[in-house]
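Paired with chain B in one complex and with chain C in the other, chain A is shared by the two complexes that follow.
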Partner chain A sequence: MNKLKVFFIYLILSVAALVSLFPFLWMLISMTNKSVDITQGSLMPGTHIFENLSNLFENYSVGSALFNSFFIAIIATVLCLVISSLAGYGFEVYQSKGKDIVFTILLLSMMIPFAALMVPLFRLFGNISQVFPAIGVDTLYAVILPYVTTAFFVFFFRQNTKMFTKDLIEAGRIDGLSEIGIFFRIYLPSMKNTLAAAGIISFMNNWNNYLWPLVIIQSPENQTIPLLISNLGSGYTPDYGVIYTAIVIGTIPTALVFFLLQRYFVEGMTGSVKG
Partner chain B sequence: MKKWMIAITIGLLILFVSACSSGEHTNGEGSSDADVITAWAWDPLFNVAALKLAEEYYTQENEGFQLQIIENGQKDIVQRLNTGLSSGTMNGMPNIVLIEDYRAQSFLQAYPDAFYDLSEYFNIDDFADYKKEPTSFDGGQFGVPFDTGVTGLYLRTDYLEDAGYTPEDLTNITWDEFIEIGKDIKEKSGKYMISVNPNDPDDLRHMIQTAGVWFTEEDGRTADISDNEAVREAVRIYNALQEEGIAHINTDWSSRVAAFNSGSVVSVAVGNWMTPNIKAEESQAGKWTIVPIPRLPVEGAVNASNQGGSSFYVLNIPGKEKAAEFLASTFGSNEDLYQDLVTEIGAIGTYLPALDGEAFQQSDDFFGGQPIIADFITWMEEIPSVNYGMHTYAIMDILIGEIQKYKDGKSLDDALHDAQKQAEGRLIN
Partner chain C sequence: MKLGSSKSIIGWLFILIAVIFISLFYFYPMLQALILSFRSGMGLNLEFVGLDNYIRLFNDPVALTAIRNTFIYLIVQVPVMILLAMFFSVLLNNPNLKFKAFFRTAIFLPAVISLVAYSVIFKYLFSTDGIINKFLLNLSLISEPIEWLMDPFWAKVLIIIAITWRWTGYNMIFYLAALQNVDHSVYEAAKMDGANSFQQFFYITIPMLKPIILFTAITSTIGTLQLFDEPMNITRGGPGNETLTISQYIYNLSFEYTPDFGYAAAVSFVIVILTIIFSMIQFRLGGDRK
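Let's turn to the complex of A and B:
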């Protein structure tokens, strides 16, 4: 009876695993096939991988797109971690009358879909361009700035700060540490898991971000990987082999980041704090 | 714990320094710089290639002219244009943009000041009649017409022969006759007559244009669905193709192309831009021919229609005169360019004086020696002119839902009536 139960559990899990892994398998197989074979649904690995790779790298500026994507994702993630952790810490540790109202307003901003913010945001950057063209429309900074922090990450850090032993702060104060010193020397080191979890989410969000870079980036030399992939499929006769090759290349960094930080990620999401 | 601080600080510093250095070359290159004319277009093998060809011609006589072509998907271009234009800043907008004819009026009417009037740069009467409505607005001529989406019925002659038919049997017929022949062929040979995507009824568009009407009234704003005989017939036929079992079902572009490349269907009813995809399967050379598209069984319908096709527009920003002159002396008047467009890219323009050229008379061995370009041009001249209005794609979205309900048993009258009501409620007039 027990064995039967286990068997069914594994059966269901195997089906679920197959369903979630199949797209990845399809992506990897298609990378090795010709466009015609892909449209006809071939599930056999082909021999066209080097042609696809050379077509992609010769005809499209993959290198600069990768650089731009890394640049945006890394800077936005680092800034996001610094600002959100400061904000989350401040909201939880310090007492102030209006703090809960401010926090509620902050949380409400999570309810507004990005599509509604896009036009005013574009207008804002259009105006910024007049004064500081270096961070205006069609620059990588314009992609980064709206994402340096979001209400979600502030909320995330505040929730995790609840687990943080407040006695440590008192101990730090008694030992003569400044407030910023407590934050950097006591708080941050014990929040590694939270930082890793937030870092992964932020990196992936920024790496995969499509809509905002699409409208704010115009020059081909500033385009990111998702924009490049979107362009590849834009023709009346798209080369699916090249498209899937680009998708695989675009997936590798996020997969790497995730696998490297996976251990912290799970702990960070469940809210554990290292003392 | 110190290590963390140091690591973060150093990391930020490095990124900031590299950011500043890369910022320099990204800076200062924009469409605001009128020395370089920028153009947005989609499809590297078609529209972008056509622009490059035009640039070659133009720079022969205008040294120093620089065109920067930025390639994006059509949907991406629409998204960018909408965001940029509705923000009102015109920041980062291109000098020239390619817009599909179906969408043109929605831009021209929503942002009338954003586009530059080209009336004085070229003569719109030199172009196919049906291109005028989409490219002009309020007495101004804003678009230089580019390619035609003239449709044809691509036929597998070998499959027809096996079932006892000739291409003449399918020439100048109605869609009802098409279905009858399709049923007979399906019964005899088991081959599907046509491929249809139930979630993307873009066939409806070329069907109703054969009758010279659209989903909106003459004003281009008021929905005209429930009392529109052509729409009713088109929806009925679109559904019948699937119900009668003669349609192979496709779900996206790649399965649509695979349907004819793999030899699963007898015919493809589509715009001429599909030709390269049909010819991609070289083993089928000599087995295809093209006849005029079937017409709707309504009064006044003709065997000629349009699907897609787009035109070039100039934005009202610095550099507009340069951009306008470029378009006027290339796509607006250069007969030689149009010959090259046909031979090198396979793009059929709508510039009438160029259509007598030699390139347009060539026969194509893939289609059994048929002069397909010349045939397409003959049909192009018969395309009924309609006003595509402002809401083509919004109405298509509404229709998809109602067609599904019709398929599930709702009466055609109710489905169209509800579509009309939804359109009236949703569309801004």
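Let's turn to the complex of A and C:
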């Protein structure tokens, strides 16, 4: 390759990296500045970070929003991993005509836009509220329930199960393990990459979910982080320092989950793409 | 594999919970939406009105604007993003490239931030006295600030810039994963035959990536047809209704205005139908019909 071409490749990638990183740098810098300095476009870190933090925690229910978001994301992710991996395994290992038809029908649900489900789901939870108010409208469980399994994750696990060595199942049967025992003791431990990739995606989706909580959550104490940030951002006299602080706090968990598990993520994704 | 009947029953038990949940939270509401779309009325007093909601839809200027806006986002943003993602993945796939991990992580990073959070950041970055305008003014690329949030044209451009920023790196990861399966010797052979970089890209890379292009095109199309968080938090659908999307209109009809669930359901079927049409077109273009 000639030098000019190499130069342009690095130039393009550097610009792309800068554009991608700039909003992150901006929010980190702004978190440390006063609202006035932020509106003037200060790119220098300031010393206002503790004021911003105490302002945020004193005036807004960030603590409960963090708790709610963690609660929703963790429960939904754990349930999603268990239920989807069971189903993906079931579809792949116990193949039959009937199950393949069911699988195709399940996949069709991926085409259903959430906007079409929003109103009927809201009414469904309204009905649930009459019988079990604890999981009805304006509860964290109502946020979780529609997301504990989606066809995407069932599909994802089935695709990855194609690469699982089926001989291990026979070996397990010979050793006298029950079918469910094989699933938990042989299959799941060998699917770490897939579990990690699915776990990251599910955690992020649930942590970042906005529209459904916006519809189903009413009381401030049940607010999630995206609802809080959205409310802060639509205020008429925004305190930018406080808003950016909230955004940084709301982004740390997903960033951490990604960076801790990114090795598995890329491998898990590759698995699903190959299938 | 031939299964004994007891094994087959166990197999059904494995998939049972998923089937129940997906039926209850996807198919049942979908059916309800269909029934709702033939009914009308305020709040909970609904009566059967046949196709009235669908007729109303075609005479509703706001609905038509929302559909038009969604189409604009789709037609401009999805191809631009997919080309960019492919382009970056090809650059990053170069075996001699240094700092590869840094570039890859940096370009992917927007995918970890929540849609609401980045929307709020973009709203401020692109405000009239925001840092993007300051930057463009300093470079003398513009002589007066652009009204990103107030101008019908620039507001749409802003939404498109925002979505592209958020999703390009995410899609790039799929291409990178797929490119890693492509044998480098194919490129070496092409070079020997005198193919330049563009020819290699169009005659080797694109055909190899076809299944992934199809996958990302369909998921991005479905995502764009459902666009909500960004216009809601960046422009609130404004100015006027110039950035309003179909999802946002459905939300407004159901929860912001006097609720008209029946009409909202009818509007939501526009997205269902568009999703099906676009997916079918892309499967056609994507070639292998399995």
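Operating definition for what follows: the second predicted complex is superposed on the first by the 264 of 275 C-alpha atoms of A that agree within 3 Å, B and C clash if a C-alpha of one lies under 4 Å from a C-alpha of the other, contacts with A are read in each partner's own complex, and residues count from 1 in each chain.
One rule holds in what follows: a contact is a pair of C-beta atoms (placed from the backbone, for glycine too) under 8 Å apart; a residue touches a chain by one contact, two chains touch by 3 or more.
Because the structure is predicted, anything quoted here is derived from the model rather than measured.
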| item | value |
| --- | --- |
| Side-by-side fit of chain B and chain C on chain A, or clash | clash |
| First, second, both or neither for A:G136, with chain B first and chain C second | first |
| First (chain B), second (chain C), both or neither touched by A:L56 | neither |
| First (chain B), second (chain C), both or neither touched by A:I12 | second |
| First (chain B), second (chain C), both or neither touched by A:A196 | neither |
| Chain B versus chain C as contact partner of A:N222, first or second or both or neither | first |
| First, second, both or neither for A:G233, with chain B first and chain C second | both |
| Touching partner for A:F184 - first (chain B), second (chain C), both, neither | first |
| Of chain C and chain B, partner touching more chain A residues | C |
| Touching partner for A:I72 - first (chain B), second (chain C), both, neither | neither |
| Touched partner set for A:M111, first chain B, second chain C, both or neither | second |
| Contact residues common to both interfaces of chain A (with chain B and with chain C) | 39, 41, 118-120, 122-123, 211, 214-215, 227, 230, 233-234, 240 |
| Residue ranges of chain A touching chain C (in the complex, touch as defined) | 1, 9, 12-13, 16-17, 19-21, 23-24, 26-27, 39, 41, 43, 83-84, 86-87, 89-91, 93-96, 99, 102, 106, 109-124, 145-146, 148-151, 154, 179-180, 183, 204, 207-208, 210-211, 214-215, 225-227, 229-230, 232-234, 240, 243-244, 247, 250-251, 254-255, 258, 262, 266, 269-270, 273-274 |
| List of chain A residues in touch with chain B within their complex | 36, 38-41, 71, 74-75, 78-79, 81-82, 118-120, 122-123, 125-127, 129, 133-134, 136-141, 184-186, 188-189, 211, 214-216, 218-222, 227, 230-231, 233-238, 240 |
| Footprint of chain A on chain C - complex, ascending | 1, 3, 7-8, 10-15, 17-19, 21-22, 25-30, 32-33, 36, 88, 91-92, 94, 96-97, 102-103, 105-110, 112-125, 129-131, 134, 165, 169, 173-174, 177-178, 180-181, 212, 215, 222, 225-226, 228-229, 232-233, 236, 246-247, 250-251, 254-255, 261, 264-265, 268-269, 271-272, 275-276, 279 |
| Contacting residues of chain B [partner chain A, same complex] | 1-2, 4-5, 8, 11-12, 15, 18-19, 22-23, 25-31, 42-46, 70-74, 76, 79-80, 83-84, 86-92, 94, 253-255, 257-258, 261-262, 273-274, 276-277, 280-281 |
